[in-house]
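Chain IDs A, B, C, D, E and F follow the sequence of writing; residue 1 opens each chain.
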Amino acid sequence: MKFAILINEGPYQHQATDTAFLFCKAALAKGHEIRRVFFYHDGVNNSSSLTEPPQDDRNIVQRWSKLAEEHKLDLVVCVAAALRRGIKDENLAPGFRISGLGQLVEAGIEADRLVTFGD
Amino acid sequence: MKFAILINEGPYQHQATDTAFLFCKAALAKGHEIRRVFFYHDGVNNSSSLTEPPQDDRNIVQRWSKLAEEHKLDLVVCVAAALRRGIKDENLAPGFRISGLGQLVEAGIEADRLVTFGD
Amino acid sequence: MLHIVNKSPLERNALESCLRVAQGGALLLTEDAVYAATRGNAAAEKITAAMAGMKVYVLGPDLDARGMTDRLIEGVTSVGYDGFVDLVAEYPTNQSWL
Amino acid sequence: MLHIVNKSPLERNALESCLRVAQGGALLLTEDAVYAATRGNAAAEKITAAMAGMKVYVLGPDLDARGMTDRLIEGVTSVGYDGFVDLVAEYPTNQSWL
Amino acid sequence: MSEGTVKKFMFVNRKAPYGTIYALESLEVVLISAAFDQDVSLVFMDDGVFQLKKGQQTKGIENKNFSPTYRALDGYDIEKLYVEQESLDARGLTEDDLLVDVTVMSKAEMGKLMETMDVVLSF
Amino acid sequence: MSEGTVKKFMFVNRKAPYGTIYALESLEVVLISAAFDQDVSLVFMDDGVFQLKKGQQTKGIENKNFSPTYRALDGYDIEKLYVEQESLDARGLTEDDLLVDVTVMSKAEMGKLMETMDVVLSF
């Protein structure tokens, strides 16, 4: 089955992106396809290449990048939300791309299921 | 009177930082001193030099920088919270500095009032 | 002391917790909490009850933004950001119920 | 449809709104919402009442994290992230009550 | 690939305006969705009904008043706006307080409508 | 300038752990405050009482279990921990469920205690 994921909150502050990540891993392990992960609202902050959590903590940004590389995921960051919050190509982590909100609507149309994670 | 301000949420997502800003302007207009503005939790995102809101919207980061310049405000961003969220010297807006949590406790001790703005 | 609440009373428990614990003093409603002091809101009677023991203020610019200025319940005082500053100065301690 | 709630029932109105509107289907409690399905929580009876009309699930890892696994109320099914995926696949539509 | 597919999208607005950005950024998605020729419904419930309140004046909080955009929605062929009666009642609002024409329905009717959707986005 | 000044600081914890970061980052401030030799009190009320629940196991959510830190607080001379009775009751918890020794008090006692503080920080 084809899933699309919407993430509305940033890393560390809310658990939403953790839950989304573990959901994606489980879905991929079951052989489902993740059509796209769309980052909106403060969710765009998940793509900052400058995050540096304490060594004994999970690295939320890096594990998204790694999952994207392993499974060829399409991680899309909303351009309007990103500009408001200071995410640009220069601080965009590997595996993410910045694009328009149309990518969210398109994902909703093309995927069998859209699941939202937020606050 | 000496005020200290604590801001716990990022720009645009929550109104907290807007309210804090207008509170500071009003306090300064009344002749009070703002001893320090401390940015914690997602509040650290208020200091990103990369934000670029739509032209018809307020520029939250720039207006903090401007207020700091005009009134010699001490805008302090918590280093631990900032590292988690991707704020470093390279994307720190003018007028902000990164330092430790001790600066918050110190501000609480030295100021007559500490006011918190958050979610 | 001055209690500050900025959350809608019908979405979060912040106002309720504040009123449960607070021992007099003043209450300032800001941001989405201003709805609590508007006529017809299910939380308005809590504010009315609270006025017996504390002074209640609302941040006027937040009421205006939400189009609720003409619905402010009686006995609640609307202040601007300068009034907010005065309240903080007046009370030795304040708490934001986040 | 599948209703997903991730907010504590004593802090926010998300669970209450969901239960007010939902017409059967399934309810999955995740993150801070898992407290709603624990014995002694003031919201637990809402969950018990809801079970008459819908299947109720809870995300086990979130219960574990919060040290509440041994307090899960009867009739609620604990699932892992793989069970979460299965629920989303099983119901044609889902809604996260943010 | 999405050529010709028409899905029923529902945007559920449950948060008050200005206190958080969800209402505004939800509206931005709604406007974009119009370009995809989908079957779009907007729901306003809980504090989301406040988004439609007449008379918003945001100068004092130095924020942008985006409420006029709701009036522009029908220009984008977005005409299905639903408001839950119980949410209005709990907030002392009536249809006359809202700045656009909406269909008011009960909580049960709202729940049934949700069941007919393909994609539900909640902000 | 702050040399010798001792203020009464109260940290009010009202949020559940893990769902948001407030509990963890609040604890970080508390630990730092110990270095300033202030008179520090911690309050746990509403969902904040869940921060002290025994038996937290966070492996499944791939997050760090920071609850053992509460046990370490007395090593920092932070010994005033207060829990509101009404909050425990509404969540089916008793003192036995908590992983540290606390003083349980009523809502009214809590309110009176707050009034005696110089600085109140709420997370």
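Throughout what follows, a contact is a pair of C-beta atoms (placed from the backbone, for glycine too) under 8 Å apart; a residue touches a chain by one contact, two chains touch by 3 or more.
Computed from a predicted model, the values in this text were never measured in an experiment.
*Asks:* Give the fewest steps needed to get from chain D to chain F, where each step moves from one chain to a chain it touches.
*Replies:* Steps on the shortest route: 1.
*Asks:* Please find the path from chain B to chain E through touching chains that uses the fewest steps, and give that number.
*Replies:* The fewest steps needed to get from chain B to chain E is 1.
*Asks:* Name the chain whose C-alpha centroid is most distant from the C-alpha centroid of chain B.
*Replies:* The chain lying farthest from chain B is D.
*Asks:* Could you work out how far chain E has to rotate to sit on chain F, using CA atoms and steps of 5 degrees?
*Replies:* It is a rotation of 180 degrees, to the nearest 5.
*Asks:* What is the distance, in whole Å, between the centres of chain A and chain D, each centre taken as the mean of its C-alpha atoms?
*Replies:* Computed from C-alpha means, the inter-chain centre distance equals 24 Å.
*Asks:* Round to the nearest whole Å and give the separation of the Cα centres of chain B and chain D.
*Replies:* Taking the mean C-alpha position of each chain, the two centres sit 38 Å apart.
*Asks:* Please work out the Cα centroid separation of chain C and chain D, and write it as a whole number of Å.
*Replies:* 33
*Asks:* Which chain E residues touch at least two other chains?
*Replies:* 18-22, 46, 61, 63, 119, 122-123
*Asks:* So which stretches of chain D touch two or more other chains?
*Replies:* Correct list: 6, 10-11, 13, 31-32, 61, 80, 94-96, 98.
*Asks:* Going by the contact rule already set, what residues in chain B reach two or more other chains?
*Replies:* 8, 12-13, 15, 19, 22, 41, 57, 80, 116, 118-119
*Asks:* Who touches whom among the chains?
*Replies:* By the stated definition, chains touch in these pairs: A-B, A-D, A-E, A-F, B-C, B-E, B-F, C-D, C-E, C-F, D-E, D-F.
*Asks:* Help me check something: in the complex, which residues belonging to chain A touch chain D?
*Replies:* 1, 3, 8, 15-16, 19, 22-23, 25-27, 29-30, 32, 113, 115-119
*Asks:* Sort out for me which residues of chain D touch chain A in the complex.
*Replies:* Listed in rising order, the residues of chain D that touch chain A are 4, 6, 30-32, 59, 61, 80-82, 84-86, 88-89, 94-96, 98.
*Asks:* Along chain A, where are the residues that touch chain B in the complex?
*Replies:* Of all residues in chain A, those touching chain B are 10-13, 41-42, 45, 48-54, 57, 61, 80, 83-88, 90-91.
*Asks:* Touching chain C in the complex: which residues of chain E?
*Replies:* So the residues of chain E touching chain C come out as 15-20, 46-47, 50, 53-61, 63, 65, 67, 90-93.
*Asks:* If we count contacts the way the header does, which residues on chain A are in touch with chain F in the complex?
*Replies:* Against chain F, chain A makes touches at 12-15, 18-19, 22, 56-58, 119.
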